[in-house]
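The following pair of complexes shares a single chain, chain A, combined with chain B in the former and chain C in the latter.
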Partner chain A sequence: MSARSLTLGALLLAAIIAGSLATLAWGELGVGVPDLLAAARGEASTTATFVLERLRGPRLLVGIGAGLAFGLAGALFQTVTRNPLGSPDVIGLGAGAGAGVALATLLLPGLVPAPVGAMVGAGVAIGLVHLSTGLGFASPARVIITGIGVAAMATAVTQYVVAVALRDSSTQLAGYLVGTLNSRSLGQAAVIGGCLLVLAPAVALLSHDLRMMDLGDQLAEALGGSAIRTRTWAIVLSVLLAAAGVAVAGPIAFVALSAPHIARRMVGAPGPHLVLSALVGALIMVLADFAVQHVGPLENLPVGVITAAFGGVYLGYLLVTAWKKADA
Partner chain B sequence: MRRLPPWAALVIVSAVLLLACLASIALGSREIDLAGLWQVVRGREDEHLRQVIAAREARTALGAVVGAALAASGMLIQGVTRNPLGEPGLLGVTSGASAAVVTATAFLGFSGGAATVWVALPGALLAVLVVYLLGRPAGSHSVVPLILAGAVISAVLYAYIQAMILTRPDVFDSFRHWVVGSLAGASYATLGAVAPALVLGVVLAAVVAPGLNTLALGDDVATALGTPVALLRATTILAATLLAAGATAAVGPLAFVGLAVPHLVRALVGGDHRWQLPIALVLGAALLLGSDVLARVIARPQELMVGVITAFLGAPFLLWAVRRGKVTA
Partner chain C sequence: MNTSSRTTSSLRLADATVAYGQRPVLDGFDFTVPSGRFTAVVGPNGCGKSTMLKSLARTLRPRAGAALLDDKPLGRWRSRAVAQRIALLPQDPVVPEGITVKGLVARGRHPYHSPWRQWLPGDDEAVSKALSATGVADLAEQGVEGLSGGQRQRVWIAMILAQDTEYVLLDEPTSFLDVGHQVDVLHLCQDMRAQGRTVLAVLHDLNQAARYADQLVVMDGGRVVAAGQPADVLTEELVAEVFGLAAEIAADPQSGTPMVVPVHRR
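This part shows the complex of A and B:
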């Protein structure tokens, strides 16, 4: 890892910490740094404990965890498909996982845990995309378009499930469709933390082969790697990571897409940049969550609305510049 | 497969439409048997039943008109762009129209009615324009950038609409169903409000249909045959936008109707746009009514938004078109 990457990583980490502290401290019921230190020693006031354990603490942890997972998932997927737009949220994986969560929690409560539902939903969605293109993941264009179709179908499933199970509750529907950090629990934070603990080392084991993949299939094979095996594992890990994120925070749009892009731009060199992508993903989530908690007109919106709006604009900007470059 | 003669196809789809209309009046969260229906028709019935039927008649009429408009709009877009994935929903037309209506409702105090469609129209045009600017790099004939740009614009506008609705629930209480596309609460007043835009759209569509046949031969050939290509293209896009914006103003964004129907129509009657137009109109009406019936009975006693059904039934056509190799990078 280059010195530049290390510096960037440290800066991102600092920004995440600063954003987290600000999110906790701002506004009414804010928990400042002295309160945090007191809480660490176990002598915080009941209000501060309540805010930390019930209100702002869980959603912050879930946000960071989901952001890390989305960033990693996006970086993995974009590297092995060699498709800057082939990210889990564009190709319908997020929507599929969301439908799985809705099915598991609303129609089969207690039988199927939400993360399992998310993984099954994500797996079905990506399998559908793989089958429908007729060429696997080889053609970026086909992957993107079938992904849009699969996402539409998954969204329809979610709406059906919510309509059947919850009768008529628009605010909860929004949570299932766009992803939110409102009313998270420490249990959910533990789920995403556990998933990351298992999956991140697996990604680390794969990272050497991934760097070779970045050079092209043939070169990777020549250097002794198996391109097909690496690609399969990377896609499986990416699906699991994205599904874990969706299970705790809902199908939050465009974080998996934009985090690896931003990381690549910051470094200025090609490559998977797994760690930096994960950190950027976490930072995006922290900032978006700060916005919906503390910025007046955005208050109380699901965090997915913010990432969809800004991520969408960023994707539009990418489209324009990418195709300008392709023309030149 | 041998194709049917066009008139036979028209007879068949008309029969399907008739069945769909009957089903739409007879089926719902409250069931009415055919004997009861017959009594209403003959004027002997109880008052409550009559009101249920009256509401369903309005809903059926609006559903048929909207389905026809969306299908014709999709057919026009696919014809003029020579692009099998052209569809008002995919190209951002419907989300542009919705965002404009939501904006007018939130900030200008609109509350439905005749004015909605004239708000929806510029919104739809603006969204299409942005999608084309984003997704049409000079010299490229790929569909993918366009579809992707449409998805991006739709995602951003959807976020905006969600934000509006969630932050101002008081204003949008009656709009929640509209946002996903629903025929619940349809009335003849809504139909009357959007009728001028839709009629104008259909007339323009009938005018440009023969020209689209020439355009299908390619721009150069069409120009050589004396077709005013630029004018034809502009008129077609105007007609398609009028139809889609009118339909959206009436019932909210409905995706994939305009995608699925033209594919079915081409399978039935081939490439002649003069026959495609009437069959698309009838088949679109039948398809939307069928979807609406399904939406009413599938989640009883709750009613599903028809947009959910059309997305689930229509999206596979997208996968199918890709699978058939109609998309090239």
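This part shows the complex of A and C:
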């Protein structure tokens, strides 16, 4: 890792910590740094403990964990598909998770918890992509094109369910379908934390060969890697990370897509920039969650609305600058 | 070079069938890379030259038969071990976005690294030697994307040199270059051979192949139709048969090697 990457990493970390402290401390129920220190000694007031353990603490931790997972997932996916617009969302992970939740609510109301429906839906969608390409995850172009098709089908299923069967529960479902951090629990924070603990080392191992993928399959192989194996593992890990994020926070849009771009632009050098992408993902989530908790007009919106709006604007900016560069 | 002292070293294709989809390009193909030589592979488009090269470099796997390094199939070697001994420069390699010359050349050290050892004491020396041997040391900190075609090709060859392999396979390294840079690249091939490496390059220009390489392999329709020293191989009959070109073979005024001069059309 270069000195520049290390500096950027430290800055991002500082920004995440500052954003987290602000989110906790803001407003009426705010828990400031003195309260946090007291809580660490086990001497916090009842209110502060309640806010930390039930209200703001869990959603903050889930947000950071999901952000790290989405950022890492996007960086892995974009590196091996060599497609700057690639992310697990594009190939139907989020849409599949949404359809899973919608169907679970329709067919087995109250029996299947939303995260389980999401995981199953995401798994089915990605499984369909894997089967339909005919080559597994070996060909990036096929993965993306079939993925777009699968995502469209999954969205159709969700819309059908919402339109026909779920007029009553659709408000609640709507929150889940865009991704939300409202009423999270410490258990969910533990789930995403555990997933990261298992998956991040696997990503670290893969990163060695991953770095060579930008030379093209032939050179990556001639230099001692295995392009197809590296790509398959990267997509599998990317999907697992994104699925873990979706399970605890819902299919939050655009974080996986935009975090690696922002990281790449900050460094200005080639490479997957896995760590920086993960940190950028976490920072986006912390800032978006701050906005929906403390910024008047946005208050109580699902956090996915903020990331989608931000991501949409960023994507537009990206395309316009790319076109300008191409025309110049 | 870590293995130059090995005397039994060999790289060959044995009864290999290599296909894209259903159509075999090479069928029951035998070929042994002439050890310690600079060999040029020539032949009309679609004759299987690139396919042969890729099969020897492990990036294409034979459907039947095998590519053998020291008589052991490439598939049974660890991929890193193969990459420490065989380097391949593809025809149209991808330049990673934003990479510097030095960064690209350092990629050649990848086969010696592992997830646990991503830097070795010899890396810096191998990279700087490769940069100066190809005359691109002055460009080390520049972006590869901004370079001319000729400079870029030197940088790619520097990457291959940093890989420090016994076998160097080059797929049309002179295509898309102007004639000055073509000769530069051919000189680099000769330098690599002089260092004791075995160089195998697909070339298009028969006269350059005859002049700079010490061995000539002529392929047509998925077979080797002639192989040997250029003066023995390049005959009027062969050029007529393989390339469908009526030509006279003259002596190159500089080197005396055979030179193909197409017959004047009346």
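The rule we apply is simple: the second predicted complex is superposed on the first by the 265 of 328 C-alpha atoms of A that agree within 3 Å, B and C clash if a C-alpha of one lies under 4 Å from a C-alpha of the other, contacts with A are read in each partner's own complex, and residues count from 1 in each chain.
By our rule, contacts are C-beta pairs under 8 Å (C-beta built on N, C-alpha and C of every residue); 3 or more make two chains touch, one makes a residue touch a chain.
Quick caveat: nothing in here was measured; it's all calculated off a predicted structure.
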Tell me which partner A:A269 touches in the superposition: chain B (first), chain C (second), both or neither.
second
Applying the document's definition of touch, where does A:L85 land relative to chain B and chain C: first, second, both, or neither?
first
Give one of first, second, both or neither to describe whether A:A141 is in contact with chain B, with chain C, with both, or with none.
first
Which partner does A:M212 contact after superposing on A: first (chain B), second (chain C), both, neither?
second
Contact-wise, after the overlay, does A:L37 reach chain B, chain C, both or neither (first, second, both, neither)?
neither
See if chain A has more residues touched by chain B or by chain C, and give me that chain.
B
So, A:S226: does it touch chain B (first), chain C (second), both, or neither?
second
Please report the chain A residues shared by its interface with chain B and its interface with chain C.
none
Name, in rising order, each residue of chain B that touches chain A in their complex.
85, 90, 134-135, 137-140, 142-145, 147-149, 151-153, 155-156, 158-160, 162-163, 165-167, 169, 176, 180, 255-256, 298-299, 302-305, 308-309, 311-312, 314-316, 318-320, 322-323, 325, 327-329
Can you check the complex and tell me which residues of chain C touch chain A?
54, 57-59, 79-80, 82-84, 86-88, 90, 93-94, 96-100, 103, 107-108, 110-111, 113-115, 118, 163
In their shared complex, chain B is touched by residues of chain A numbered 85, 90, 128, 132-134, 139-142, 144-146, 148-150, 152-153, 155-157, 159-160, 163-164, 167-168, 170-171, 174, 178, 253-254, 297-302, 304-306, 308-309, 311-313, 315-316, 319-320, 323-324, 326-327
Sites on chain A touched by chain C in the complex
204-205, 207-208, 212, 214-219, 221-226, 268-270
